[in-house]
Amino acid sequence: MNGCTFTPEELRHDKPREECGVVGIYNHTEAGNLAYLTLYAQQHRGQEGAGIVTLNGSEFHAVKGQGLVPDIFNHARLQELPGNYAIGHNRYSTAGGAGLKNVQPLVAGSALGTIAMAHNGNLTNADLLRTRLIDEGAIFQSTIDSEVILHLIARSRERSFPRRIIDALAQVKGGFSLIFLTENSLVGVRDPHGFRPLSLGRFVDGGYVLASETCAFDLIGARFVRDIRPGEMVEITREGVSTCMPFQLHEGAFCIFEYVYFSRVDSVIGGHSVWMVRKNQGRFLAKESPAEADVVIPVPDSGVATAMGFAEESGIPYEMGLIRNHYVGRTFIEPQSSIRHFGVKIKLNPVREVIEGKRVVVVDDSIVRGTTSRKIVEMVRKAGAAEVHMRIGSPKIISPCFYGIDTPTREELIGSSKNAEEIRAYLSADSLGYLSEEGLLAASPKLGGYCTACFSGRYPVSVAFDQPRQPQLF
Amino acid sequence: MNGCTFTPEELRHDKPREECGVVGIYNHTEAGNLAYLTLYAQQHRGQEGAGIVTLNGSEFHAVKGQGLVPDIFNHARLQELPGNYAIGHNRYSTAGGAGLKNVQPLVAGSALGTIAMAHNGNLTNADLLRTRLIDEGAIFQSTIDSEVILHLIARSRERSFPRRIIDALAQVKGGFSLIFLTENSLVGVRDPHGFRPLSLGRFVDGGYVLASETCAFDLIGARFVRDIRPGEMVEITREGVSTCMPFQLHEGAFCIFEYVYFSRVDSVIGGHSVWMVRKNQGRFLAKESPAEADVVIPVPDSGVATAMGFAEESGIPYEMGLIRNHYVGRTFIEPQSSIRHFGVKIKLNPVREVIEGKRVVVVDDSIVRGTTSRKIVEMVRKAGAAEVHMRIGSPKIISPCFYGIDTPTREELIGSSKNAEEIRAYLSADSLGYLSEEGLLAASPKLGGYCTACFSGRYPVSVAFDQPRQPQLF
Amino acid sequence: MNGCTFTPEELRHDKPREECGVVGIYNHTEAGNLAYLTLYAQQHRGQEGAGIVTLNGSEFHAVKGQGLVPDIFNHARLQELPGNYAIGHNRYSTAGGAGLKNVQPLVAGSALGTIAMAHNGNLTNADLLRTRLIDEGAIFQSTIDSEVILHLIARSRERSFPRRIIDALAQVKGGFSLIFLTENSLVGVRDPHGFRPLSLGRFVDGGYVLASETCAFDLIGARFVRDIRPGEMVEITREGVSTCMPFQLHEGAFCIFEYVYFSRVDSVIGGHSVWMVRKNQGRFLAKESPAEADVVIPVPDSGVATAMGFAEESGIPYEMGLIRNHYVGRTFIEPQSSIRHFGVKIKLNPVREVIEGKRVVVVDDSIVRGTTSRKIVEMVRKAGAAEVHMRIGSPKIISPCFYGIDTPTREELIGSSKNAEEIRAYLSADSLGYLSEEGLLAASPKLGGYCTACFSGRYPVSVAFDQPRQPQLF
Amino acid sequence: MNGCTFTPEELRHDKPREECGVVGIYNHTEAGNLAYLTLYAQQHRGQEGAGIVTLNGSEFHAVKGQGLVPDIFNHARLQELPGNYAIGHNRYSTAGGAGLKNVQPLVAGSALGTIAMAHNGNLTNADLLRTRLIDEGAIFQSTIDSEVILHLIARSRERSFPRRIIDALAQVKGGFSLIFLTENSLVGVRDPHGFRPLSLGRFVDGGYVLASETCAFDLIGARFVRDIRPGEMVEITREGVSTCMPFQLHEGAFCIFEYVYFSRVDSVIGGHSVWMVRKNQGRFLAKESPAEADVVIPVPDSGVATAMGFAEESGIPYEMGLIRNHYVGRTFIEPQSSIRHFGVKIKLNPVREVIEGKRVVVVDDSIVRGTTSRKIVEMVRKAGAAEVHMRIGSPKIISPCFYGIDTPTREELIGSSKNAEEIRAYLSADSLGYLSEEGLLAASPKLGGYCTACFSGRYPVSVAFDQPRQPQLF
């Protein structure tokens, strides 16, 4: 604890981290502003950087930056983004490292004109493709895996952008929800497994929006139309919205963690309120792992919905026993070592009167490394709890994600090497209960199929682990 | 709504605004760092600026800045603050306007040496004193009212700093919780009415801390000792803590809004948990103004405790029907005019499934201008509520504060010109209930007496409304 | 004159503008620092931006920025540039426009490893090559013409970098002095016409330096070895310096403006001191265009050497009648319109005692647009000159440059549409004398041949004026 | 030479350093802009910071900053300075240290209204006055000695600002050229010795300007009216310019270094062109200390005029043998230690062809520490000079200045401990000649008397060397 800095991400204590949010605006006089608002609403999906590209006539304009959305875009910067068409991107770096060069959207010129792209997800064969492209003389401008898609499009011999996009995406594997902007169209595509979400909305006075999460639609006054389907490509042009299913279909593999943790609780996915689904996971948790206790408290804010579901099902009173400092989220300097257990205290402070002398159920959505959960148990116990019962609204995480979520390595996942009793002992909790995979699936909507690789180790798309050495780029 | 900017303050929707937080650290090897952490914990008391002054040997060091605490202090700036003694200040500008020159602590040289000062509160006779001092040739370096105290100390003919402080404070009227740092001592003083809080804490290995709120003690690992009493001055020196009551005593007038809204819910004031007091206010509210409804939802985060108390007392289920975007708090650019009711949406988004078809009780702690409450009622209704019943955990605010809280003018206070029915009509709520002054006092701890001027118009200290013209300063 | 800003470039009044300086350091423990000092010494060759790439082991490091060299590189930035090998670039934008993306050196990964490149000059067939490359799927990261060379190298099928460089450069036309850095070598190349300079130097303790001008060698303590020959490629490796002449040879076409204006007077080109050559041009000017006058004054600093040569040849006393403000060179805000002829006054102020009542010869090196010369004549006359005789150390400029110098369009060149008498009348000078092309060539060293296209309209390399439309890039 | 930074000041090699420039504009619609231009023209008098205060109606506006004038004021900042009245200040810190708080003009409120002040010079009894004022309860906002004047004015019981200014200045000793701005008048004052210059100019369409140097009048299109006399106070009001001589008169003591080095050569002082005076000093130098030599070269730019005078008198040809890099003047990072004699090389580079085999006279205006002169002699010799004869246009500096010039301590002045022969040996010059005090006075205009304390040790105003300890301020 020697004077290092917390990034905002590290302060979201040990959770799997979402990689990205994307947005596209078609035909609205305030396209740049609306893209900005959407990125703001989707800030939880990526705090490392953000960018917007707009199209005005045949001119493209770009503003990108590192940091949080309101720090990147001010009034002057937004005025540099004229035009009725826009795409934007929230970046959390899963692949490629940090740096301004890696902030999307990416833009490329080609014989067909200019194309801009925003990508949410992760490709599993990006390194192989990159090596092949470099051998053929391609020069990469970033280190993010998404750029290979752009090179494949630039090199395609197809005569239109939609056909080139299909041509390119047929060569990549992994998870992608992609938005493209060209002079004539806005294109949205989801990979055939449908790992990551993508929704279509409409403005009252015409115009369309594509975004990762529907909470953004509420903010910008758009009406939700429908989710893009796994493997679907929609093209929005002056003629309206056309659709096709150009890829070989696979079993659905929607990331169930969107319901568990990633998506904002005021979003709707697959027609279901995330808030309600998450509360339902809490109910199932209470049924599977009941506790004799006096009070149920959430780890704010991630465990609030699950805890309320648990409390309602169990009949144990719900209380706020841990208070979050709402200015957390900024880069924060941690002072020197004589102050202990500092990381959690700066975020959470216990309310002694709520906890003291009580048997407490502490509810959170998931455990990754376990370090934060351990500090929370200690904090609750020091505030006078008679017993501390930890309840988790999802199964043990045992495997890393390769489709766009930033999880630690297998070694760092406490669930990969310890069984539940060992984890309980590590946390020093009186009891520990996870929601089972069956319970989680039962508590969640019946969509076309989920990816549960992080709980089960069953990967829907094979992953190449041998990665050739790359020449270094700036 | 033409491209203007929200300050973080404006985003805390229409609430009375706290002016300041103060801190002093005596004899700790990380005094500067601990002052910083305290300012961070007290960030809600003032977001306009912050400053720290430390004492190392006989050298004083200062870092001040505008903006939020983590934006002002980075690792390098904290290293400019050596020494075992520190005072700090969170600034929200009640008097004196913005600008770096007005960020405290203030420092002055005198024949006795150097003295630094941090002030929470507002003086009611500052302008008269200032005019007199300028006539006598004093040159002011800031436009904040607190500076008159420093000039009075500099001009006092007493032979020690404690006696000069008493000499100076005997001449001022109004509210003050003050901390002074000199080469030999750390001094804390509360005005005889005790308008603003000030608490004393102690470190395990010796050393003391004075701070506005106890939530900071939890963060920095200090043990709460006791509150400073109204009219008390404590002096901390190498010999320990000495105390005196140098001022004529008055009836207690602690600002009851500290329990209603200002203080963090994890703080303890007068031995009582703010969380518990605020929940109790909710219970009394439920008794005074019950509602036939299906669900109780808070306006997050200000109404959470009150709403939970209301729900428990009434037996109506508590739910989260409004979700707050936790990245709000930063300066935010508001786009152009075609997007309506933007200000509230960027903070709050409804969860339709929670609200739709329900009779909803919306609970908040207070109403100042009413503009935000009106937008919230509209938002809840648009999300499908069958009925919207507004319940407020404090009485109607009818008068401005002159003791350190930034309230709008009387004209802007919706409670000063409209009766409850008119306000209900303005909000378009199906019903509206305020907690009565009697109810509020009954629900709150029995301390030595409260200032309820904003509800009752009864001002404990007379206020001079005629203010002489001041020469302009930079 | 409505509040616009002068760029530093505009303040170098109407001169043709040099495009670039390049540097490469091979095997010196302070390679990054020495590259920085060289860029500083070559600052006059480009003030828009600068960049350095170093090689440390097999890792490349880069720092680039916009503005002047000392503003871009501070101590911390220089520490980001470890390693014993470096290349650097001073940018003045001739082709491609402004912006950080256009600051060199450029870097590319390829199957052979990483290569970095710095380019001084201008390609005349860049647009055609760019279009072809884009058709083939290349994605450009900048809008500067130099990037096509990098793509040609990346696409070459040759098995070593030197062979790929030759392969690539065989396809381009125009002017180039290029430096490349790879993991194994530092390569310097001049185009077969030798438009732009490039010199080789050596450090006392081994190690080599390539730079545009020898004035940099003096600064960094390197010994001048020799100029790189037109069409020559030198490769510096662990084995030493090897050389080859891989391109078809052409008649020499060294830019004579390097002697007239561009190069610093303390540089040596082709074995000849620029100061001495420029003074000799002044002597020839005095012989060709004598004047009956009392005093010779230069336009500082561009006309100093020429004026001293003129004074020595003519026997008329040399004086400083115009004083330059040496803080000029920074961006400067020009106030509103009521202050006239402001642009020149901020740079130059007359010394009335030197000028008053005298017949004055004003000497400068060249005239481009004529606007500044006109203001200078007026300023000298207002300071009391009896007569003003303008003498110019080079011929009338009638044609723009296509090989790397930023000249205005033909229409803006006062020499392209007006004869000498018309120009004299425009300047309101009592007489005007240019040095003839023959005189200029006679006064300058006998090198292998000069490009005099700007005076004569005879272009050594044909220029494609039809440029296909480019897709837009960021 | 371990990676330290040169300030712009240090790069002006070892010269005495001017402390300040001042300006006042009365009744011009572009007062703020004109003040800015004047500060720009007077940049050589102080590069540490600058500030402007304007008066618009009865409102004062201020912009201050650290660094060079064009870096502090941009278009937006100048628009913050409305009004027809302005005063401004170029700061070089002689007393009080660096920091924004010490940038003038200073402003104070008083019972008479607001007053702003800009000061060029140095007070010799400031510390005594400061101690007395602090004892009386004054709180200082800066550490510059000028602030005591403001406190004396604020405390004066006189009924008008002009009388209070006289009252205050009667108590101070030392050198001052002061400008004050109040709501009703612009006031200019010179101390009774007239140490520092101050001139009055007039605009064509009414309105007045006060400035340190007349070179500024040329830039802003003002006509020179006359110099303010030693001990004179002029007050400019709506009625015009009134004058008085309120102080006891002393013998004139104008700083002769203004003619030797400080003032720009295009300024006029006491009716005499600085350029012409400085050339005349060179002529006298040639008569007193002739040299058998082939060429006379100046140390640019400080020695140019003196060298031209020397060359004309001696008949030895004048040449430019040392070239200055005109981008010097910015903060510059010096790399590590393996590069020797770096400090001078970055500024000056020799032209070998001019120097080689010649007997060279190197002319400069003064020597302070001697370190730079020594490096220059070495540089000229390494460039091949057969002999190096150093000639200096002023006497040996033996004593520090206490009236506003930043000279090193007596120990650091090479002239205080070494005789001329020892200095010659230290410089390794073949001969060394200073201009004698008599010669300097004979070569300079016959004004009312000069201060030659730095050459002679005769101080016109006594200096208090014992300075009481000050309380520390921020």
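By written order: A, B, C and D. Residues from 1 in each chain.
The working rule: contacts are C-beta pairs under 8 Å (C-beta built on N, C-alpha and C of every residue); 3 or more make two chains touch, one makes a residue touch a chain.
Since the structure is predicted, the reported quantities are computational estimates derived from the model, not experimental observations.
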| item | value |
| --- | --- |
| Path length in the contact graph (chain B to chain C, fewest steps) | 2 |
| Remotest chain, chain B as reference, centres from CA atoms | C |
| For chain A paired with chain B, centre-to-centre distance based on mean C-alpha positions, whole Å | 36 |
| Chain A and chain C, separation of their C-alpha mean positions in angstrom | 51 |
| Whole-Å separation of chain centres (CA-atom averages), chain A against chain D | 62 |
| Where chain D touches two or more other chains, by residue | none |
| Those chain pairs that satisfy the touch definition | A-B, A-C, B-D, C-D |
| Footprint of chain A on chain B - complex, ascending | 3, 5, 29-30, 33-34, 36-37, 40-41, 43-44, 68-71, 73-75, 78, 215, 218-221, 264-266, 268, 273, 275-276, 301, 304-305, 308, 312, 317-320, 323, 325-327, 329-333, 335-336, 338-340, 345-346, 349-354 |
| Contact footprint of chain C on chain A as seen in their complex | 53, 58-60, 62, 107-111, 113-114, 134-141, 150-151, 154-156, 470-474 |
